[in-house]
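For reference, the structure is listed below as structure tokens.
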Amino acid sequence: MDITRFISTNRKLLLVGFLLLILIFVATFPLYARQSQVRVLTVILMYVVLTVSWAMFSGTTGYMSLAPAAFFGLGIYTMALLQDTLPFPVIIVVGSLICFVFALLVGLVTLRLRGIYFTIFTFGLVIFLTELVQYLETRIWNRHGWDVTPIGNATILYTMFIVVVVTVLAIYFIRRSRYGLALLSIGGNEEAAEHMGINTTMTKVLYFAISSMFMGAVGVVIAPNLIYVNANIAFSLIWSFMPILMAIFGGMSQLSGPIIGAVIFGYLEKTLRAQLFSYFMLGFGIIMVAVIVFLPTGIIGLVPMLRGKLGGLMARLQKGEQGE
Amino acid sequence: MPILEGQDVNKYFGGLAAVSHVDFHVEQGEIVGLIGPNGAGKTTLFNLISAALPISSGEIIFKGQKLSGLKPNRICRMGIARTFQETKVFANMPVFQNVLVGAFFGSQDRVSTADAAREASQALEFVGLSAMSATPIKDLTLENQKRVEVARALATKPELLLLDELMAGLTPTEVSEAMELVRKIRDGGITIFMVEHVMKAIMGICGRVMALHHGEKIAEGTCDEISCNKTVIDVYLGEDTRAGS
Amino acid sequence: MVERIPQLIISGIFLGGVYGLLAMGLSLQYGVCRVLNITHGEFVMLGAVLTYMFHIGFGVNPLLAPVIIGPLLFVIAFALQATLFRYLKAKAPAQPIFEGNALLAAFGMLYIISYIARITWSGRSFPSAYLSEKITILGMDFTLNQPIIFAITLALGIAVYLFLSRSRMGRAIRATAEDPGTAGLMGVNTNMILAFTFGLGALLAGIAGTLISIRTSVSTTIGFNNTVIALVVITLGGLGSVPGGFIAGILIGVVSQLVAGLWEPILTVPVYYAMLMILLLVRPTGILGKK
């Protein structure tokens, strides 16, 4: 039986089967896994959302956003502040909307300009929020951080999974739509895109804002798992760099690239980070440089190369079988 | 009323006048050529028409409507499409998607997905590149990439097409093919305004020619008038006009 | 409170000199090499910490420390540009992709340098006490090191400006920044120029670090905040404009002292950010910036 032919003719079926397997896996995971492992899976799913939503905008348009930490942190703080006043699902929506508004404002001001200003200002947004929140906490609210009441690990896992599904579906459909094409054309040649009738500024602003919503949502969902949050935790720049590293490592040309990157790195980060924090951060820096230098198209970029090598190997084997 | 008209058009970069007191007009159905030495302001003028650059003073009028203050995407939807001197294709997509962008976003009204796909296919067929629809555009030759640019512009259903050095870098055979294409486009009802260095193309297809030098219009008239014009000969035609840069 | 304003302003100007110096280095690196060097602050940190180490360990006068530290940082940065960023530029299919990759690589370097420093020297604070006698100018209190530091930064600023505008190498640098291709054709060794400029930027950062360590206590964790300030200043002054960077540095210095003195120290960065956002709405190219 020819494996490659089997795979290509039954692609859709295999994909659906694969997704069903994932669904069953996640749904049953809390039943047999340890609590700590459930939390690891939740964090991996969180990184999937952050990575995919970052890649959705920055990967297509080429405008590098460093803002994921800002929106993630806004989500966390929305949960921290509203945890006793509103139901969990509502807080998720509120957190997303708050991020949408912030992203809209920053986008409207900075996306009319060169990409480097956008990058600087998304970076600045993270710092701005960190310091502003620290000010509010120390002077106005008189507290150091917030305690977030834990919700069951399984509930968080399932909620996170729902956010993942919503995010991936939304991005999948946007990619396939004319708006995904518009985003891609902005990344291809922004001036030409503008000349083909696309309002590039509004397109960029809108999709930047949409991508921010998913980041805010996962911030809300993960907050109960963190138990205690403060500005440095919520808005730490690691929440920006990890998704970027994951997206680049996985490769951004396909939707699956960021997902693969997130899964691999999410697992590594969760298991390694606790020990030897300084060494972890050092290793993170080294990996980041290494990935940029050696793997700029990501793992996915290796696939055509691997397929070529594998195809060549198969051909040689077949020739060998047919005799000298 | 001319389809495109420029009145006392000026563009300054700091103290330097790239375009200086230029009046021009293009009538519907014409193929008008724009010639001049490098740096004469030809592409700058196109950039002013398409609003890639803001005009310093003066007025450009398309179908009776002033273009000042409008953005390029609006101008495209109004019916002006263009190609670029340094080919600006979307290098991250296949050929078909490049043209599809024009089809989706370039026309006046909203286009359904089916209609856009049809427009794109037709535009590709018109320029003779249907066979390459699925090829990544970065794998195409420069000549073919220029053709895709033309198809992309046509997919926006323009009334006026600005061609910027379409023939640059083409062999004589390719130039003749391109000339045929331009005639075909005009016969389909689209007015053409083209910047060109390749004099064979200008003389072969243009009804009227305008010459710029140091940002100013130095001559205007039929091909015969221009080729006999002393100033034009001194400044430009007498120079080594190679077939493209 | 209002009586304090003149003192805060002058304090801010003194401080702003250092900010201007910070910005100049980063501006050179971005303007010429097109690398937004996020690691800049870490070079400041290295300058600061090494100055302290040499002072305490070997009794080296802090004002002389740059003689050793400067070339050291220059060499490190020179090597970085000549290897890492040059490789990235060669590999990148387009300029924006190069700048994006360079930025991310710089972030990686930030973590590498910062955490090696933290592992080596720990994160504790190193106090300063050099030239800290109180003096009085026009009836207001300052420490001696403030005006001295300002004078040094001013001198350096002028020196760099003259170097860039008058010297042959300076012209080569400006030509490379404008149009690397043409500069290369005219005989400029662009790779050398890029590496040199990058090194120069780091050297200026190191000197800024030395000056900072004279004024206040430092640690291995100060890098990041200095990068933020440098970014704020060059955004205000216009990316790539060296005199604009210096003037913007003084402005930011004044703003920081006013905000810290009259309102709330922790709000300085939010105020910068809000200021910059508003400025961008009105004038997208900064004070003296080019496009």
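For reference, chains read A, B and C in written order, and residue numbers begin at 1 within each chain.
Simple rule for what comes next: a residue touches a chain if its C-beta (ideal position, glycine included) is under 8 Å from a C-beta of that chain, and two chains touch if they have at least 3 such contacts.
Note that the structure is predicted; figures quoted are calculated from it, not measured.
K.L.:
Which word fits how the chains touch one another: line, ring, star, complete or other?
P.N.:
The chain contacts form an open line.
K.L.:
Consider the two chain pairs A-B and A-C; indicate the one with the greater count of contacting C-beta pairs.
P.N.:
A-C
K.L.:
Any idea how many Å lie between the Cα centroids of chain B and chain C?
P.N.:
46
K.L.:
Between chain A and chain C, what is the gap in Å from one C-alpha centre to the other?
P.N.:
Computed from C-alpha means, the inter-chain centre distance equals 32 Å.
K.L.:
In angstrom, rounded to a whole number, how far apart do the mean CA points of chain A and chain B lie?
P.N.:
42
K.L.:
Give the residues of chain A that touch two or more other chains, as numbers and ranges in rising order.
P.N.:
none
K.L.:
Tell me, which residues of chain B touch at least two other chains?
P.N.:
As it turns out, chain B has residues touching two or more other chains at 91.
K.L.:
Tell me, which parts of chain B touch chain A in their complex?
P.N.:
The contact residues of chain B facing chain A are 50, 52, 71-73, 76-77, 81-82, 84, 88-93, 97, 100-102, 104-107, 113, 116, 152, 156.
K.L.:
Give every residue of chain A touching chain B within the complex, in rising order.
P.N.:
By the definition above, chain A touches chain B via 178, 181-182, 184-185, 187-189, 191-200.
K.L.:
Applying the document's contact rule, which stretches of chain A touch chain C when the two form their complex?
P.N.:
Against chain C, chain A makes touches at 62, 64, 106, 109-110, 112-117, 119-121, 123-125, 127-128, 131-132, 134-135, 138-139, 241, 244-245, 248, 278-279, 281-282, 284-290, 292-293, 296.
K.L.:
Which part of chain C faces chain A closely enough to touch in the complex?
P.N.:
30, 36, 84, 87-88, 91-92, 96-97, 99-101, 103-105, 107-112, 114-116, 118-119, 228, 231-232, 235, 239, 264, 266-270, 273-274, 276-277, 280-281, 284, 291
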